[in-house]
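Below is one structure, written out as structure tokens; the observations come after it.
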Amino acid sequence: MSNGTVGDRIRVGVLGSGGKVGQAIVDAVSASDDLEFTVGIDKDDDRAALVDAGTQVVVDFTHPSVVMGNLEFLIANGIHAVVGTTGFDDDRLDTVRGWLGEQPGVGVLIAPNFAIGAVLSMRFAAAAARFYDSVEVVELHHPHKADAPSGTAFRTARLIAESRAQAGCAPMPDATTSSLDGARGADVEGVRVHSVRLAGLVAHQEVLLGTEGETLTIRHDSLDRTSFAPGVLLGVRQIAGRPGLTVGLDELLDL
Amino acid sequence: MSNGTVGDRIRVGVLGSGGKVGQAIVDAVSASDDLEFTVGIDKDDDRAALVDAGTQVVVDFTHPSVVMGNLEFLIANGIHAVVGTTGFDDDRLDTVRGWLGEQPGVGVLIAPNFAIGAVLSMRFAAAAARFYDSVEVVELHHPHKADAPSGTAFRTARLIAESRAQAGCAPMPDATTSSLDGARGADVEGVRVHSVRLAGLVAHQEVLLGTEGETLTIRHDSLDRTSFAPGVLLGVRQIAGRPGLTVGLDELLDL
Amino acid sequence: MSNGTVGDRIRVGVLGSGGKVGQAIVDAVSASDDLEFTVGIDKDDDRAALVDAGTQVVVDFTHPSVVMGNLEFLIANGIHAVVGTTGFDDDRLDTVRGWLGEQPGVGVLIAPNFAIGAVLSMRFAAAAARFYDSVEVVELHHPHKADAPSGTAFRTARLIAESRAQAGCAPMPDATTSSLDGARGADVEGVRVHSVRLAGLVAHQEVLLGTEGETLTIRHDSLDRTSFAPGVLLGVRQIAGRPGLTVGLDELLDL
Amino acid sequence: MSNGTVGDRIRVGVLGSGGKVGQAIVDAVSASDDLEFTVGIDKDDDRAALVDAGTQVVVDFTHPSVVMGNLEFLIANGIHAVVGTTGFDDDRLDTVRGWLGEQPGVGVLIAPNFAIGAVLSMRFAAAAARFYDSVEVVELHHPHKADAPSGTAFRTARLIAESRAQAGCAPMPDATTSSLDGARGADVEGVRVHSVRLAGLVAHQEVLLGTEGETLTIRHDSLDRTSFAPGVLLGVRQIAGRPGLTVGLDELLDL
């Protein structure tokens, strides 16, 4: 596809390289022996520099207002893309599929969450949920967070509920008759979710599954803001081998 | 006090030996090298057998309706007592103190909770609470439990709140503006308490304390119904050396 | 297959019903609305009673010295089997396959571990291992255990090592230059395994996976000896739909 | 003591303000409503600026080669000191005590560890250790750490061993007869210590205590390098009320 290959290393460019996330990705790419950083593009730079530098894969953590233009340009130039920018609805995804139809060798990965652990946690929780009588979610975050439960906890609880409904699981046992308001957490489609807010924490989630005599706990801890980097690098390494549109990191984890 | 000493072993009798708890205590006493089980008394048995057997310490896990008669008898006969029976209000405690005034060498320990770990957890949580910006309690129990939060969680939260009030701590930070009902748990005097109910669990509690850059977690797990036994044995071993009335296991832990 | 169906409930017999495990299975079957307990066979009883009672599925937790005879009998009589008895090598499995060839509708499940959580933990750990820079195993058991690490921890570490080898993962980072003997645990094919022995514990295992900025923890707790029951019931419910030989509970979990 | 008080705020200076730790302390002081930052002194600056600015308390995170000169100067000028610099042996402490004898109103706090949670963890572990049959330590750090176990784990294990020896505790039960090298961890005065090294972690420690039917776990997590700041601020707020030499943060925690 790309004509700029040097040895075996994948040549990687970054769109939005001026931001915090973009800079962290530049650093992560530069620190990887099998990747070579080509060029970073910020809002006033010319995207043509990506092509000139023989870039094979571009990472885009930019803004909903510019990401579609970026993707049209990259696909037209035969460059694969790994996209963490938000704001993709079905219309936008269809548009991207249309562009990719013209360039059958190009791969684009669009994912709402690049933290591998968060994605794995959700998958494992959903897979295990139907074998247990009880499943609850405890999510723990720093106290500056505005919403409770977290978006990830919401999605996790919904996946659990869906998995149990498909398997025909009975409702979870709960003999509570006398309860202080809020003690039993929030009810997300029958799954109890508890939100802890604690100074010193970053972003953590625990799914607890229990049946007679045993419990299974799946815990994910994000200890700093760079936890998306390994997921982005995974995408960068695989996307050339996955032509067409891939939505969600799950697909690449091959579970 | 007692005239029935044999070697160095403490001679221990059990009131309520027919019940599950009583039987567990008989077993624990019998399994201890430094203790000698004398006699178990159930509801139709004559308490005089305790005296005849040279009993030095009696453990009472019976019923509020009979415990006062038991204590009057034991104290009159110079036998120390370790009591887990419930229902002691200030009047009852004063009556016991009165009896003990007549027998200055006798010791009586009355405690609502003999699980050492539960008692230590509460003490540690209260001691640490004023050094942290945030403190929350998560208690986890089997799904047959009727009340939420548990009594222990309630007491723990109150001790935390009291300790923080005395130290003049600021309210805990919490930027939550958008919350699903119950997500942030129950509010016990400003301390958030979350109650998980899960098949497979027994009785567990976690106190989470956090400040900038670090957290401290104090967790107590009761894995079976015999978790009161070590606390009872601790009482049995110490009560002869603590004449008068002692209320609560805390006193013996000497923290 | 079986001619003794009554309504929709599966008719279940138990071989080895006189033992602790056998009795626990009888109890679990009896407590299940969709199962009906037919008859329990202990060492001096006649297996023919299973057939007379219209048994559809038999659970066998007996002894390596009798299990082959049991299976030959059950298969010949068109009864499905769920087997937790140990001692199956390739020869024995081939013999069972031979018998099943004659009775194509009969299903036999033979599994070394019926604790669903243990099986799920191993699968999840192996699936996740290749996405993380570091993976270590901490297993925690009661202090009466003779071997360290536990058999489950060994198997888990090997599955992790195998998964990482297949994915071409780099060796795990470890800058330790000054170490007290044993501090870094046992080395099982490059995976560090730590064995905690603690009074009060039963059987627990934690797999810790970490990469820059995030960790994933998969923890399994067996809190009593009945933790095999849900896995056995899962087998009982599914085995009629899985003719032939199935080895390992994994197959039924359909992950 | 100091003549520069403005309102109720404590006036705080920082020695070593050019380093990472020093800068973090300047930030923490500046962010505190009850403290006022006066002046930061780096290696080429004149310490007299501290006096000119009416500084009441100085924080010293410098170097063993300069800290004694700093303390002599501060004490002579009636300024209290909170010191995290290492290298204090008995001789140095005696010298500081001598200087303080001349200035009876001045307080100096010298502590090897300002992470409140680490200090509390050690105290709680030592206090609880004698009530449990078994105690083990698991410490978990990033994989760039050179020593195993960590210094904190060593100290914790020694405090546990000392507390148990004083209480006359029996050796811990351990029936291990077949063990892979290292599985049971390092032996620090009879206390097993396990060192996990995992990418993504920072600095964490868990003390596990167990007796029949129950366990107690005390866990400390340092999630970033600023975890010393709350302990330093605690010292700054209390030192004026504690004339003379105080060694170790424990004294201020008033447990």
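Letters A, B, C and D mark the chains in the order given here, with residues in each chain numbered from 1 onward.
Criterion: contacts are C-beta pairs under 8 Å (C-beta built on N, C-alpha and C of every residue); 3 or more make two chains touch, one makes a residue touch a chain.
A quick note: this is a predicted structure, and the numbers were derived from the prediction, not measured.
Using mean Cα positions as chain centres, tell me which chain lies farthest from subunit C.
Farthest by centroid: D.
If you fit subunit C onto subunit D using only Cα atoms, how far does it have to rotate, to the nearest 5°?
The best-fit rotation has an angle of 180 degrees.
So which pair out of A-C, C-D or A-B basically repeats B-D, with more than half the contacts the same?
A-C
Averaging only over C-alpha atoms, locate the centres of subunit A and subunit B and give their separation in whole Å.
Distance between chain centres, rounded to whole Å: 47 Å.
Roughly how far is subunit A from subunit D, going centre to centre by Cα mean, in whole Å?
39
Which residue numbers or ranges of subunit B touch two or more of the other chains?
Residues 132, 200-201, 209, 211-215, 221, 223-224.
Considering only the defined contacts, which subunit D positions touch subunit A in the complex?
So the residues of subunit D in touch with subunit A come to 200-202, 221, 223.
Could you list, by residue number, the parts of subunit D that touch subunit B in their complex?
Residue positions touching the partner: 28, 115-117, 120-121, 124, 127-128, 131-132, 209, 211-227, 229-230, 234, 253, 255.
Along subunit A, where are the residues that touch subunit B in the complex?
Within the complex, subunit A touches subunit B at residues 132-134, 136, 138, 140, 143-149, 172-188, 192-201, 208-215.
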